[in-house]
Amino acid sequence: MTRLLAELPGSAVASTLTSESILVVPVGAIEHHGPHLPLMTDALIAESVATAAVGRGAEAGLDVWQLPTLAITKSDEHHWAPGTLWITADTLMSVLRDLGRSIAATRAKKVVFLNGHGGNTALLQVANRELRRLYGLQTFSAPAGRVGAGSGSDGEPDEFGMGIHAGYGETSIVMHLRPDLVHESLFERNVPEHLASFSQIGFNGYPVSFGWLSNDFGPSGVVGDPTGSNAVAGAAMFDRSVTLAVEALEEISRFSPRAPSPSSGTS
Amino acid sequence: MTRLLAELPGSAVASTLTSESILVVPVGAIEHHGPHLPLMTDALIAESVATAAVGRGAEAGLDVWQLPTLAITKSDEHHWAPGTLWITADTLMSVLRDLGRSIAATRAKKVVFLNGHGGNTALLQVANRELRRLYGLQTFSAPAGRVGAGSGSDGEPDEFGMGIHAGYGETSIVMHLRPDLVHESLFERNVPEHLASFSQIGFNGYPVSFGWLSNDFGPSGVVGDPTGSNAVAGAAMFDRSVTLAVEALEEISRFSPRAPSPSSGTS
Amino acid sequence: MTRLLAELPGSAVASTLTSESILVVPVGAIEHHGPHLPLMTDALIAESVATAAVGRGAEAGLDVWQLPTLAITKSDEHHWAPGTLWITADTLMSVLRDLGRSIAATRAKKVVFLNGHGGNTALLQVANRELRRLYGLQTFSAPAGRVGAGSGSDGEPDEFGMGIHAGYGETSIVMHLRPDLVHESLFERNVPEHLASFSQIGFNGYPVSFGWLSNDFGPSGVVGDPTGSNAVAGAAMFDRSVTLAVEALEEISRFSPRAPSPSSGTS
Amino acid sequence: MTRLLAELPGSAVASTLTSESILVVPVGAIEHHGPHLPLMTDALIAESVATAAVGRGAEAGLDVWQLPTLAITKSDEHHWAPGTLWITADTLMSVLRDLGRSIAATRAKKVVFLNGHGGNTALLQVANRELRRLYGLQTFSAPAGRVGAGSGSDGEPDEFGMGIHAGYGETSIVMHLRPDLVHESLFERNVPEHLASFSQIGFNGYPVSFGWLSNDFGPSGVVGDPTGSNAVAGAAMFDRSVTLAVEALEEISRFSPRAPSPSSGTS
Amino acid sequence: MTRLLAELPGSAVASTLTSESILVVPVGAIEHHGPHLPLMTDALIAESVATAAVGRGAEAGLDVWQLPTLAITKSDEHHWAPGTLWITADTLMSVLRDLGRSIAATRAKKVVFLNGHGGNTALLQVANRELRRLYGLQTFSAPAGRVGAGSGSDGEPDEFGMGIHAGYGETSIVMHLRPDLVHESLFERNVPEHLASFSQIGFNGYPVSFGWLSNDFGPSGVVGDPTGSNAVAGAAMFDRSVTLAVEALEEISRFSPRAPSPSSGTS
Amino acid sequence: MTRLLAELPGSAVASTLTSESILVVPVGAIEHHGPHLPLMTDALIAESVATAAVGRGAEAGLDVWQLPTLAITKSDEHHWAPGTLWITADTLMSVLRDLGRSIAATRAKKVVFLNGHGGNTALLQVANRELRRLYGLQTFSAPAGRVGAGSGSDGEPDEFGMGIHAGYGETSIVMHLRPDLVHESLFERNVPEHLASFSQIGFNGYPVSFGWLSNDFGPSGVVGDPTGSNAVAGAAMFDRSVTLAVEALEEISRFSPRAPSPSSGTS
């Protein structure tokens, strides 16, 4: 049976979804990923992980459903690169609010944004709260690809933890999913290594965030090192991403911010 | 070679698109289509026609490219039905403006919205002008499915010209494209026949438009008559839709509002 | 007795309007109409037709009322021409929403936008649905001037069906209504005849719409052929417009999307 | 020759307006004015004063032009009363910004909002600055009706200076302009006299402003005392209003915030 | 006990505020005030007057509380001057609406904007009504500094009533409050004296308002005459401002738009 | 010499700021912090850390300036609690955009939002990018308080890493900064301990974010454990926060996304 919500008739939605249903919204991007990866990289990864995770989750008994992928999102950091299709933060917030209101018309209460584009992460967190406040939904956002940012271990290139865009991880996964779309001859490392000398400012996991556009690091549109990327590593990364996504869905299925009542025997 | 723009790397977009390129944006909807058709009906038709037409157009030498489908659009007339995923007129205008600005960063000048959802038609016309004014783009919108609204000829059910939603035409096309998603046992006619007595007010082609929600015509979510729908008729309709879409693309490729200069020999 | 709603005291509105009342909102434009017609052409025609039609409708027993003319509307296609006074699509939507909310505070349920400016047509259709959804109003939009776009028959100039702006029809009507405002010596044909060679793309009635600005067709601001315009033809056109508007009002007075119950004897 | 800008063809606007031209925008309202005055009271007064003042100003050699009346404006304080047609502060700001941008496309630099509705006064001041900043226009706003608020002198009723809405002044002017629209039998005093005991808080001219809705003062929709209103007094008030408007236009014609250069003989 | 609301715990707010409580919101500005006064002049004055007035009011038994100062407001007239920190009219309206909604979640009903920046006055009046309509609050706005605009009496410089920005009054008050922030050597008169020749157009108290930017009057950023400013005069002005603010709070505490019932002994 | 930008005259700003200047914007909140902490907790901490860090930074030779604190920000998760003063995500984005545009009018290029409220973190990251794109500013956001979320080590209460609001850390710092505002008798632990059983979902540092309102965890408004809080620990935490903020400013002063040229000998 399908787990793509949009394949159901509307009448079936009313009877199929329950207050336990989890709706998974893949969130991608269509944006410049250097000379070697397709514009659709983030949308491809988000949708692929979602489809696999929803499938496995459903098999495992989770009441989980996949919604259409939001392919065109907030890629403002790549706005300078022709081919990037992007909407502003304001527009994406409007889309998410409208989507939340649509979902609130069903019986489902839990929504997960499975996000393939780092540039959406913060805004999705803002939206999570907004949708909870406005519509009473329980909202979650999770990364679609669960790959490191390049530490140099295990034969991977050392990206100094900055392999965040079109680097080893993303490139390998796309080589696994759609090898026909990868241009290996154009792999070229572009890591702003001098940033490693800062102890507080950095991309992720640093206390101080900074506002950057991808051409702040040069004209290539890459932040990372695709050299050495390969489909085998990509397959492993993809599988790990799906596994973790399924585990996330399982946690979400039993998640409640308020502790269960004592008689349930928790805490 | 792919004609899906998002499968290209950004770098390739810059060199591949020209001022003659035509970008095709399939515009669908995820909305209640009665008990027998999937929510994704309009998105399915728009994307299917687009893919086929762009493919044939490219073969015929047209410089034509397909963008990702806008699946979730302005389905406000079905807002009452759980499962409908919709954004407001304001949000869709914002999305289209942002998309126009994105396209304006490439060398392409011509954009076609290939629209599978009647509820978007008017707004796309507004957007066409807005994108022309704001970004200098040459903008077009065309219907994806080229089917009648049910005149009762040729063995079709008589829908009094009101088979506009989940009726004979749409149902037959989906039976052709995705028979697994059609629930034939739930076919049920719902035609507001009394409207045929009005000579000025009507759905399309009448001088007087009216604002309606789909439940104004009863609870079924259908406006038309799916009974008798069949995949053979659907295949013919689909093929006709694709043929006309290709012809439209061909016209667009040589369209200019200003007459060519006399030396070119046109009137 | 007056049928201009704004001539009533507020207290009288509360007691005079009923759930059967039809409110007519003339929608015009103040925009460049070439060298020979006044900026107010569309506002003049819309208001004149409305006043005549409401008067005749009231005589015929219709519960119909005229609201103040929206004179300054969405003339974005003439934004380049000094003298055009226009508001954006967003602003006009806001005005219409606010007007809808105002009307919803009365007992009236039916609203007709009698529109003299083609550039508003699509947006009014969007608004019709929005006001129905937001405020439960029954909304309609109708063209004020019911003239052809120039087929060349009956001694009219052949405008190839493109006499849509400051051409034979509009010019003749203004010569009937306000001959003092027409500059006959400046009549000049400007028809983009080469567009007639397109079978799918066109102004109205063609499947493919395109986004145009009026200066896309040259600097004159005319799309049509005013030569040969005359007040006699204009009087006939005006009368026909009023007659059809009255008929539209009569239809609207008995219009309901849901079929009347069987006992009322309708199918 | 007409001084109604909208009666000119667009082509004439380009050649007729100069950087010295003054554009007068009558700003009215369609709002509850108690049981005795029409909804259109403010629009009537604003447009009547504007027409008379522009006419006299033109005769006196001023380069002055009248734009279409903004009839439906910010009547939020009467939103509770059926018949009031109003737009929000946000919408009116959008309309004014759009209008300012339209005007900036002509050669005219000076715009005067001749305002008949007190509820617009503050917002017009905000808009004056916004249009100056955004478009470089020289903007002005002036009251259309120059009447007192009822001091009790000269045989007028004592309105304690609170005759601000549908009181002696407005009622008398409408009796002069459109006696057929005034319902004398329904004159009824409604003055919140207890407010006169406050020395700082009050309607106009007091240091402390307060936010009020017209039904804060009771259900009548009147703030003032129409009893004793008469057309003779109204004629005098109207004439005074026109005279002062003409004087204002004359001042505006020679107004510049920066002092003229010394050689011009500064004061 | 503190009268700074933000010093209370949230739990205490719920129990402390009553329907009689008056919330005072100081509204300042951070904007160019010429070469001799700090950017924070208006915020300093607004907050200082508020603190003193709330303190005295509380001692006198008023149920009055001070909210955090809105320091960055609508200084669009000084947008050209580096250092001015300003938000647009739209943004300030949004802030005020949000603040109104926040206040409506408490039991307090009365809100006073104590405003130190003339450029906010009109917008606060618009907001007063908006917050009353949207949230049922009783809203007031009052000037923080109660100083004249320079009439030339009492040894003051003659500013022709135009000492509205960084002139004698403001400068003297800042010399009293924060002498360390005043640069006396840079005092320079900048009064657009030629405006005194206009009888209708002027800054305050004139019937005709005009839209101005502060550099319309020259590059100094001053509109007034600071020469002769002194702390002694400033202390007197400040004290008068506080006294009048306390009196305003006292009036507000017993203000109601509707007259008290007769048995209460109406005036 | 002052480092509060608003204490400078506008004229001095123009000459004092350089392209190396760093503008520090303290970002606080006025929101429910349980029964024991003041509403202003986050604003107090942000401003206190900023003042201390800017002072020390200036002494250390940094070209650093403090702007007025944004006290009322996005506290939507506490909207249910009377006393919380909050603006929406949309409003805060507007404020930040306006502020960015204001700053772009100076010569300064670097802006740091020193943020005391976790609920602003994600939105500030969105704004960082928006301001970089729109105005070319180099933008940063950093936490004001650098405290853990309660690991139970060093004699601290075990908050299971969830001491994020009004817990041990914040309470101790306020006891150091403003002991008069802390109500020790009302300390009460409220830690949703059952959340510790989730491995992916959590407040910070977990891959899956969730949208929460503070009353999702019970009515207290606390998420953490204030018991055992003390001023000595608070002093140490505050000092550490200031030290790290100064280090962050130092890094920011030499931060550039693009690597310095080779001749500078880096990377």
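In order of appearance the chains are A, B, C, D, E and F, and numbering begins at 1 in each one.
Throughout what follows, a contact is a pair of C-beta atoms (placed from the backbone, for glycine too) under 8 Å apart; a residue touches a chain by one contact, two chains touch by 3 or more.
Which protein is which chain? UniProt says A, B, C, D, E, F = Creatininase family protein.
This structure is a prediction, so every number in the text was calculated from the model and none was measured.
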Shared interface partners, meaning chains that touch subunit E and subunit F: none
Smallest count of steps, each to a touching chain, taking subunit A to subunit C: 2
Minimum number of chain-to-chain contact steps, subunit C to subunit D: 1
Chain pair among D-E, C-D or A-F whose interface repeats that of E-F, sharing over half of the contact pairs by residue number: C-D
Subunit A and subunit E: spacing of chain centres that average the CA atoms, whole Å: 48
Euclidean distance of C-alpha centroids - subunit B vs subunit C, Å: 27
Per-residue overlap in subunit D, given as positions that touch at least 2 other chains: 79, 90
Contact graph of the chains (line, ring, star, complete, other): ring
Of all residues in subunit F, those that touch subunit E in their complex: 4-14, 17, 30-40, 43, 67-72, 78-88, 90-91, 94-95, 98-99, 102-103, 105-107, 181, 183, 186, 221
Subunit D partner contacts - residues on subunit E that touch it in the complex: 76-77, 79, 89-90, 93, 119, 121-133, 137-143, 146, 192-201, 207-213, 216-218, 244, 247-248, 251-252, 255, 257-260, 266-267
